[in-house]
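First subunit A sits with subunit B, and in the next complex the same chain sits with subunit C.
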Partner chain A sequence: MAAKKNNKIKASVGSRVFDLVNLLVLLTVASACLVPFLFVIAASVSPLSDILTRKFFIYPIHLDFSTYKYLFSSVSLIKSMGVSGFVTLVGTVLSMVLTLMTAYALSKDHLKGRGFFNALIVFTMMFSGGMIPTYLVVNGLKMTDTLWALWLPGCISAYNTILIRSSISALPKELEEAAVVDGCNYFQSFRRIVLPLIKPAVATFSLFYAVGYWNDYFDAVLYVNNSELWPIQVWLRQIVLLSSGGFSDASAVSDIGYIPPQNVSYAVIVFATLPILLVYPFVQKCFSKGMMLGSVKG
Partner chain B sequence: MNHKQKQKRGWAEAIRKDWILYLMILPGMLYFLIFKYGPMFGLITAFQDYNPMVGVLKSSFVGLKHFRRLWSDPKFLQIFANTLRLAVYNIILYFPLPILLALLLNELKNEKLKGIIQSVVYLPHFVSWVVVAGICFTLFSSQSGALTGVLSGIFGRDVSVLSEPNSFAPLITFQVIWKEAGWGTIIFLAALAGVDVQLYEAARIDGANRRQQMWHITLPALKGVIITLLILRMGSFLNNGFEQIFLMLNSMNREVGEVFDTYVYQMAIKKGRVSYGTAVGLFKSAVCLILVVITDKIAKKAGEEGVF
Partner chain C sequence: MRKTTKKGLAALLALTVVLCGGCASKEQNAKEAEGDSSVRLTIMQELFSDQAPDMENNAWYNALEEKMGIEIEINYVPTLSYEEKVTTLIASKGLPKIFSANGNVLMNNNMIQAMDGGGFWTLDDYLKDYPNLYNFIGEQTWENCKRNGKIYGIPKTRILGRCGYVIRQDWLDNLGLDMPETFEEFKEVMRAFTEDDPDGNGVDDTYGFVSSYQGPYNREWNGLEFLAVAMGAPNEWRYENGEMVPDFATDQWLTMLTYIKDMYDSGYMNKDFAEITANDRTSAFDQGKCGVIFCTTDDISTRSANLTQVVPEAVCAVGSALHFEGEEPKCVSTKGFNGLVMFNRFGDGAIQTEEELKEILGIYDSLCTQEYQDFMAYGVKGVHYEVQDEKRVMIMDQGTGKTQLSVDTADGLNQSFPYPPYFRKDDDSQMLTDLYDSIEYRNQHLVTNDSIGLQSDTYDELSSELDNMMMDADVKYIMGSIDADGYRKCVDQWRERGGADVIKEYTEQYAEYKLNEQ
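Here is the complex of A and B:
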């Protein structure tokens, strides 16, 4: 009896130690995710002398906004923020509208040809023409050097379509049937019944598309030569490669024509990340809900 | 004949009844046909000598010439080795981490704290590869990197992480871990949300401690997801993160860093050898497809669910 009790206490002590260690490990992991951001932000507002002598870590010692002043006076960088914002806004709306409509139609069991449409989409998840044939198509449609090349080639994600379709299929059928009885056509019932019910999924996948558009640099590298249309990520790439010591592709960076000081790259990194950091806290609440709905059902 | 007519009337009937649905799906289907199946058709370039003046339709056919050249290309083995090295690093160092992290998060009983930690570890996933590369350059660049001094202290010599061939695969893997390990937990946590709480209660009554509960209940609950993800990873093992590697490549580490996609870009876009680049790309996609199908078959033989 006594031994048993003793055992129980021991187990709970062990369990508590485990909880403590677990918490410490998780806090370490979390700070490892955050520290690089804090470091870059701190560096971006530190004077160059502090950066060279590394007098700061995750908070600045002396404040110096000269790099930001410098960046705000540079027309091309501000313009590229505008390009990125425009591409992201229009692209996200375009992608979401197309994805939602496709997913909704695919969720209707009775739709003739549904299996075929489905297979058509799923196959693209396993096999693709690849970079060069896609480039030839975009080129053939005369989209190079236009923003269409940043919107259309990756406009609909097959994966997102399937996930949204599953979350629509998971809704109770009766809701829509009632709407149809009341004289709604499919489009009306889609807008008034289905859309409000899958709001978390809409928020989540809008965030995914928006992040995809905002973060994309390679489509711009591949399709857009005109530096007027370069998104912020492409500028960041040029500046970072250039300040990294000159062993990078010289041809890729010749357009800037000056070597920015180290602290400029910190500020540009902040620029390229800021919109995501601003939106993220508001949307992240939705996506555990929005994602799991689809992923659990497969 | 009669049957065919019936079939036809079936379509006419379906379109008349569901024309709104067909109208809704039309733009999506056009997208997939043009931007996904169009390029698949364009793969015939791999069997031609592509001439930009006349286009894909009129370029002359050369059969398997480019594939034969691929076999004799000394670069081919190198690329294959590089790809394999990165894939092995990824499977060994990255793949178990999200599972481990999900198990730890699952054991955290304070829901609020759990939520905060989750939001923080998901965050790096939403940052672009350019930003990750940018942070790495500012940390490790040989002249002014913030951690360059620390590293040379640890290794006792000057380490230039960004250009030394030996540090390429570890650097790439480390970037993947930082960016994706947190986000990778989400699918495992979703699977864990479906585990019956009664299982834990029963185990506790039987005297199982936390470690035993994790080992005998939580981990088996994840088995299906783990196997599915492994299959998908097998299929994409030639697809090392192109956007990421493309940013970290430079003339010093190209020898160990060049993978299929970067080579395709180098050949077709930089050197203008469009058909050869397409052939390399087609080879890669075909191998990927075959690998998925094979691993899927094996998983099904072993009694698992598989992907298809």
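Here is the complex of A and C:
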């Protein structure tokens, strides 16, 4: 039994030192990103006095769940979480369906007026109507005070459309031609050939849209008068900024009867960020599946 | 296969149309429901709390509607986005009948255009028919809220004598000192707080007072104005010898700056006052590091609540009105109001006729009577308050720790209804009673700002630049970078930069609107 020969190429000392330094630098940067998160989570379960005197750093010294009890004491925050979830889910699906269909159509060279449509889309990226004209349009279409005002105005992002269009154009034409020869129409070849191949792109942009819908608060405040339909971001902003003294009108200091204590604002931050944070690991699986290029042989 | 995808698309399209249509019809239903003859108030106001009240099952609003025979619909908007929402609604003519306009909104260009263009009802001619409302607000406040001589809405009253300081009573007791009355005594107390270890822990970790000069409003609430006016300076502007004089151009202002500079040099105040924010200064006080914080006197409740979390045996007290030996105290007066309740005249949701306006003013007039004021303070018996030992005690909501009345009204009654600056309730704590007493004392010795209600276009344009110039000069003087001559040079620069125009414009306006009434 021959001794196992060490046929690994021994890394030179310099290369190993480089690896070590690399590792250390990356660990430092990663922990610098992680520490504020841990602080916020710890602060949300600490009593107010600990936060005011900064007694703890990363893990809480005393546990105090009164903040979460307060959050859940009224139904409104849970309802708004539900609204957020609903808006994000439906919005992402709607946006992705429309964006993908638009990008697919635009990627076809033989589309009549292709240059015109492309130019139009790029134009909207650079110029926007402004807040008031957009409001007038949304109002005129009777979308105010409904959830449609949160979905339709920003439904298709021009930037995402262009990127997806490019990635569809990058697919070899032979794939689709082969499909057409076998009798596919546009819908079928879109569904069966193109979509599976651009899965990483679909996953990425779904995540972008989802985060965009999840984070939106301004549209909700502007278009939706009914406070039952406000997503959690509106409340998050209200609580956090009020408790840290960010009053819009300094002379309004007198009007604020109740200022939320700081630990409640930390609890709301955790409450509002956790769902979207949890989505990410599930979506990440799709990123790693590479594109199956070269499937046309011969 | 083809058919199903086509069908699927068609179904999706149909669904979209139905949803859009369905949502539109909801609005029409709402409008049809109101057809009865009772007056319907549609109100829009800022939401300051973190929960919007449930308007359908709201004990307080339902009771009010029943009592007065009216219908109320309130739209809450988060305070931080209020200005944008109002300007958007002005542009799209979608304002409701009544809405609350805070200081920022009133300075907004769109709002000013709408006001000058007759978009809101002016109340000057109607007020004589509503004596309750007139007397409730008070003549001085009606005067203060005029714009170009006209009253554009009902001012939301606020405490006049609000400017002051909060002091650590337990530190005073520990060191055997009395509440300071004169400036010399105050300086002595600051020295003692810094050097004599008032918290008794043997460590030299305390100092006299904390201040922060970042931002324009901090001048009002951070001790500068308070001390200057107490020393005889004008409250921002004074009309003297036919001309408007700004406070920083007077000798008393320089005296005040020298006074603070003394304390800065001796270490009785925080060295980083020019960098820290208003929030940092409240944290410093809440952590027990200093003995005095200049602020609005009604802040004492929050300060006390936070401070006792960290230092359980701390006791806060409202600081006295400082004065020169043998002289009467002089106290800073706020405008007496913060924003207006305005009555909309344009767009679909507006008050269309004079009769409707008179009806609504009549409602506001009756809200000023004692019966309704009590109702606003205490709410419905059994739901919001109960009687214990002949005192009315507020009922608390279990989940949130606030009073049930607070939950039902989101602390927002003072935004759209006539509400006094403060209520004395039967079950007030000693601290609150002392606070109200000190406010009433201050209200006897007020110095008003002569520029309230006056317009200066130059100031509207250059306000941040002019204000910052003088704030910087104040900071530099206190820190010793410039001396008295240098400060006067800064005032001259202020005049050159546009201050002279501001003075001219205010003087003209004062002569036009205010001299006639003297």
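A few points about this structure:
Following the convention adopted for this analysis, the second predicted complex is superposed on the first by the 233 of 298 C-alpha atoms of A that agree within 3 Å, B and C clash if a C-alpha of one lies under 4 Å from a C-alpha of the other, contacts with A are read in each partner's own complex, and residues count from 1 in each chain.
Everything below uses one rule, namely that a contact is a pair of C-beta atoms (placed from the backbone, for glycine too) under 8 Å apart; a residue touches a chain by one contact, two chains touch by 3 or more.
Owing to the predicted nature of the structure, the values given are computational and were not obtained by experimental measurement.
In the superposition on chain A, contact is made by A:T53 with subunit C only, not with subunit B. Of the two partner chains, subunit B is the only one touched by A:K112; subunit C is not.
Touch criterion met: A:R237 reaches subunit B and subunit C at once. In the superposition on chain A, A:S73 makes contact with subunit C only, not with subunit B. Of the two partner chains, neither subunit B nor subunit C is touched by A:D64.
Between subunit B and subunit C, it is B that contacts the larger number of residues in subunit A.
In the superposition on chain A, A:Y266 makes contact with subunit B only, not with subunit C. After overlaying the two complexes on the shared chain, residue contacts for A:T146 are found with subunit C alone; subunit B is out of touch. Of the two partner chains placed by superposition, subunit B and subunit C are both touched by A:N185. Common to the subunit B-facing and subunit C-facing surfaces of subunit A are residues 52, 131-132, 135-136, 185, 187, 218, 222, 237, 241, 244-245, 247-249. Listed in rising order, the residues of subunit C touching subunit A in the complex are 1-2, 5, 19-20, 23-24, 27, 46-52, 75-85, 87-88, 91-92, 94, 102-104, 158-159, 162, 215-217, 221, 277-279, 282-283, 286-287, 296, 298-299, 302, 306, 309-310, 334, 338-339, 398-402, 406, 411, 414-415. Per the touch definition, subunit A reaches subunit B in the complex via residues 11, 14-15, 18-19, 22-23, 25-27, 29-30, 32-34, 36-37, 39-40, 43, 51-52, 54, 98-99, 101-102, 104-106, 108, 110-113, 117, 120-121, 124, 126-137, 140-141, 152-156, 158, 161, 185-187, 190, 211, 214-218, 222, 233, 236-237, 240-241, 243-245, 247-249, 262, 265-266, 268-269, 272-273, 276-277, 280-281, 284, 288, 291-292, 295-296.
Of all residues in subunit A, only 47-49, 52-53, 69-70, 73-74, 76-77, 131-132, 135-136, 139, 142-143, 145-146, 148, 185, 187-188, 218, 221-222, 225, 227-228, 230, 234-235, 237-239, 241-242, 244-261, 264 touch subunit C in the complex they form. If you check the complex, the residues on subunit B that touch subunit A are 10-11, 14, 18, 20-22, 24-25, 27-29, 31-43, 45, 55-56, 101, 104-105, 107-109, 113, 116-124, 126-131, 133-135, 137-139, 141-144, 146, 149, 162-163, 178, 181-182, 186-187, 189-191, 193-194, 209-211, 235, 242-243, 246-247, 250-252, 261, 264-265, 268-269, 274, 277-278, 281-282, 284-285, 288-289, 292.
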